[in-house]
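One structure is given below, represented as structure tokens, and several questions about it will come after.
Here the chain labels run A, B and C in written order, and each chain numbers its own residues starting at 1.
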Amino acid sequence: MRTLKGLYLSGCIDIMGYEALDFYDVDSLLTDEERMIRDVVRDWVDSSVIPKIENACREGVFLDEWRQEIGSMGILGAPLKGYGCPGLSYTAYGVICRELERGDSGIRSFASVQGSLAMYPIWDFGSEEQKERYLPKMATGELIGCFGLTEPDYGSNPGDMVTKAVEDGDGFVLNGAKMWITNGTIADLAIVWAKLDGVIRGFIVEKDDPGFSAPEMKGKHSLKASVTSELVFQDCRIPKDRILPGVKGLRGPFSCLNNARYGISWGAVGSAQACYDSARSYAMSRIQFDHPIAAYQLIQNKLAWMLREITKAQLLAYHLGEKKDSGTWIPEHISLAKMNNVDIALEIARVSRDIHGANGILDEYPVMRHMANLESVKTYEGTHDIHNLILGRHITGIQAFTREA
Amino acid sequence: MKAAVLIKQVPDTTAKIDISGGEVDESGIAKWSISPYDEYALESALQMQKDVGATVVAITLGPDRASKSLVDAAAVGADELVHISHEGAIGSFALQTALAEAVKRVGADVVLAGKQAADTNAGSTASGVAKILNWPCVGLVSKIDASEGEFEATRSTVAGLERVSVSSPCVFAFDKGEDKLRIPNVRGIMMAKKKPVQKHTMADLEVDASNGGITESSVTYPPQKPPGQKFEGASSAPEVVSRLRDEANVI
Amino acid sequence: MTVTIIAEQQQEGTHPTLAQMVSAAKGLGGTCKVIIPGGSGEQEASNISGVDKVMKMTGECFSSFDSQSWSSSMKNSIEGTVLLAATPAGRELGASIAAELGISVIQDVTSISPGIKLERPVYSGKAIENLTTSENCVITIRPNSIEAAEMGGSAEITSQDSTESIRLAVLEAIAKASEKIDVSEADIIISGGRGLGDASNFEKLEEVASTLGAAVGASRAVVDEWGLPHSMQVGQTGKTVTPALYIAVGISGAIQHLAGMRSSRYIVAINKDPDAPIFAVADYGIVASWEDALPAMHDAIKALP
């Protein structure tokens, strides 16, 4: 048993503050401002998310103080410029997602949906009045937005959605339902994609609009500290000025998703880092057969594999950020990064759980929570398989989403 | 009113301290931060900015890396930034003289500082600066209510907390403050980088940067602890207590 | 050489640190003068063996603590090296005296020997600074780091009145809030676990904590089961703490708890199970029931000089 004490004394085991795994010094490529933003978000996650997240998950709530504090940090809608938005680089946005998701995927989801899925379409496709009315308050978190595309029967195939809008006098009337809507129940407004005369259009629905309701979906084993809802429209009447004038067709929702998926490719690295961190520290302090399990080859093999995959994922995310900022990206670049980084993060969470042994299933450690979260992250914003098909189409020029030629 | 906040950049309190050649190996320190008590001083000055329209001047003394702490201060709202550049060891009196001179030059009416820095753990600066300026000093402060030229502060004493009043100009040394530290805002960070920093050297402040009467100084690791000892029965409690006093020096 | 000690102010008698300062002064050799700022205690001070002169200072400025006017009023009475106890007031006054005299101050030393050679912990005890200084300086010494001098002296007592005015006014004393020290900031933490048997027994820990100026912590098991505040919880999902002293009472030492406290500088464990894993990280382990060991420990702490 002395071995243990000896290790503690020699400083092999330290409880020093979070020092992100950054084997290739990828963060040295960031600007000074990006590193400062990273530190602010990282400190906030350490002080305000990690101590509270397990309880929030147990109770199934997204704490309102998180909304307020994320709002006061001014990181919502990070890459958008003007209208009170931060106007940061896409790389900075990615770093923010990574740091938030080290806390919890639900926290990052909140920020992704608000920024990329609700603020972005208003910013890109909204009227001047719409931008002035919503964006400044959304940037500070005073107004929460959500994004309604997926329907109970149309997930990977949103083009066949059945939610409909009909022009009626001085407004529109919406009918239909959306599902798996992050932030839905707490949202002040929803960006809803519905067919108007057979063409997909975006509409802004406010929470008090008649005929609109957003009941929360219960019973999730994943993203428990995130609000997930249905959006129900029963003859929901909205004024005419709520249609997004700037876009028609699937390009609207897809351009939102590109930005959100980009953020996820960074966010997943944060989850993976948290799982690696916990596994390393556990392996160093868990004694079996008189030695820390970190001294055994099978454990070292697992840790080395994690290091390898995280380092690759970091480089992928960083380079994609460069491409976003320089405008040299194509959607397929984002598909590859989202798919890869979430995939390795989930596998790292599983291996980390393995290293933690039975302790890994307890909420004393973050790994099972990240693992369960990442199952959702793997599926939302384009499933892993759909991203493979996007790449497959890019490689071959042949689409394989449908059975038609 | 002008409030000068003396901030020191220190290794983050969670940083691992490595020593080589009798000095702390700075290359091993991943993160530098504003010393924690200084942050409370800064927060209090920012309250004065809000309550009585005070101009907040952040002043630091240290090598080039220390300018980052000024940017951090600007990110939460400091209006003016002053960097006194100095590398290496410096005696307490020379350091306080330089800071006092900088305070005079910016024309501050009140100085706020942390009660001690997280690296040296000394706690001399605020009181020494007050003496050199010939201003009163209130130590172990947790809260200040400012009105024009007058302050009421809560300070901690052996007997408990007390409210004291003091007039400008004066110096406050902060304990943990009652006000929650504000979270920086990214817009503040972006603007902070562009804020000009007034640079001073010891020479232009006319300070002799000597190390006082200190002729030698080195840093070592604390002595290795003795191996763990196990005692049987409650009767061993006094023995353990006396070891905590004499061997471990912790009570 | 000459040493001037500024005694810690005390309403009656002398503060226990004075005899320790005298012992440090004797270690340096030379004459030893004690200045008593306000209050009383000159008689007791003169009786400490090794004190050569006692000077009591009186005047309006000593009605409450004002480091700057105190140092002004003392400046002409100070000779040679100045020693004070490194209490909060001692540190503030010591720094002010040093600046008044234009010399260096070295705070919170834990070892002092002729030369003058000093040791002081820095970086919250993660390192030790070793200094050599001229005699022309102010030194504050950490309380209880030096054996106290014995009684048996009879030094001459003089007094001096100061005309310095006080520059701050005490408006009111605020009843000491019973606010508990937070575990993440405490230098000493005493934590309880399931071995305490019942939440009400945390009162016993509170008593010891108030004697030590310590914070009270808890293991996750009792926070969850007995409904204690989460802010007390030390461990993987609670606070990670690094106090100078961590006393674990009735805590077996599950890996999750160790994760939060194993980097404490010194660890004391009280547990009746000699095989409890907490003993593997303890510097001082007491194998006994807490009901017996804790009161014995408390008595011994109270009996410390």
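To be clear about the criterion, a contact is a pair of C-beta atoms (placed from the backbone, for glycine too) under 8 Å apart; a residue touches a chain by one contact, two chains touch by 3 or more.
Bear in mind that the values here come from a model prediction, so they are computed numbers and not experimental data.
With centres computed from CA atoms alone, B is the chain lying nearest the middle of all the protein shown. Remark: among chain pairs B-C and A-B, B-C carries the greater number of C-beta contacts. Chain centres were defined as the mean of their Cα atoms; on that basis the chain farthest from chain B turns out to be A. One finds 49 Å separating the Cα centroids of chain A and chain C.
Centroids built from CA atoms put chain C at 20 Å from chain B. We define each chain's centre as the mean of its Cα atoms; on that basis chain A and chain B are separated by 39 Å.
Counting partners per residue, chain A has 2, 5, 14 as the residues that reach two or more other chains. Looking at chain C, residues 279-281 sit in touch with two or more other chains.
Listed for chain B are residues 13, 16, 225, 228, each touching two or more other chains. Interface residues of chain C facing chain A in the complex, by the touch rule stated above, are 220, 230, 235-237, 240, 242, 255-256, 258-260, 262-263, 277, 279-281. Contact residues of chain C toward chain B in the complex are 64-69, 71, 87-89, 91-96, 98-100, 102-108, 110, 120-137, 144-145, 167-177, 185, 187-188, 212, 244-245, 265-266, 268, 274, 279-289, 292-293, 296-297, 299-301, 303-304. Against chain A, the residues of chain B that register as touching in their complex are 12-16, 30-31, 71-72, 75, 183-190, 192-193, 224-225, 227-228. Partner chain C is touched in their complex by these residues of chain A: 1-2, 4-5, 8, 13-15, 51, 54-55, 281-282, 285-286, 359, 362-365. Residues 2, 5, 9, 11, 14, 16-19, 32-33, 36-37, 39-40, 44, 69, 72-75, 78, 86-88, 92 of chain A touch chain B in their complex.
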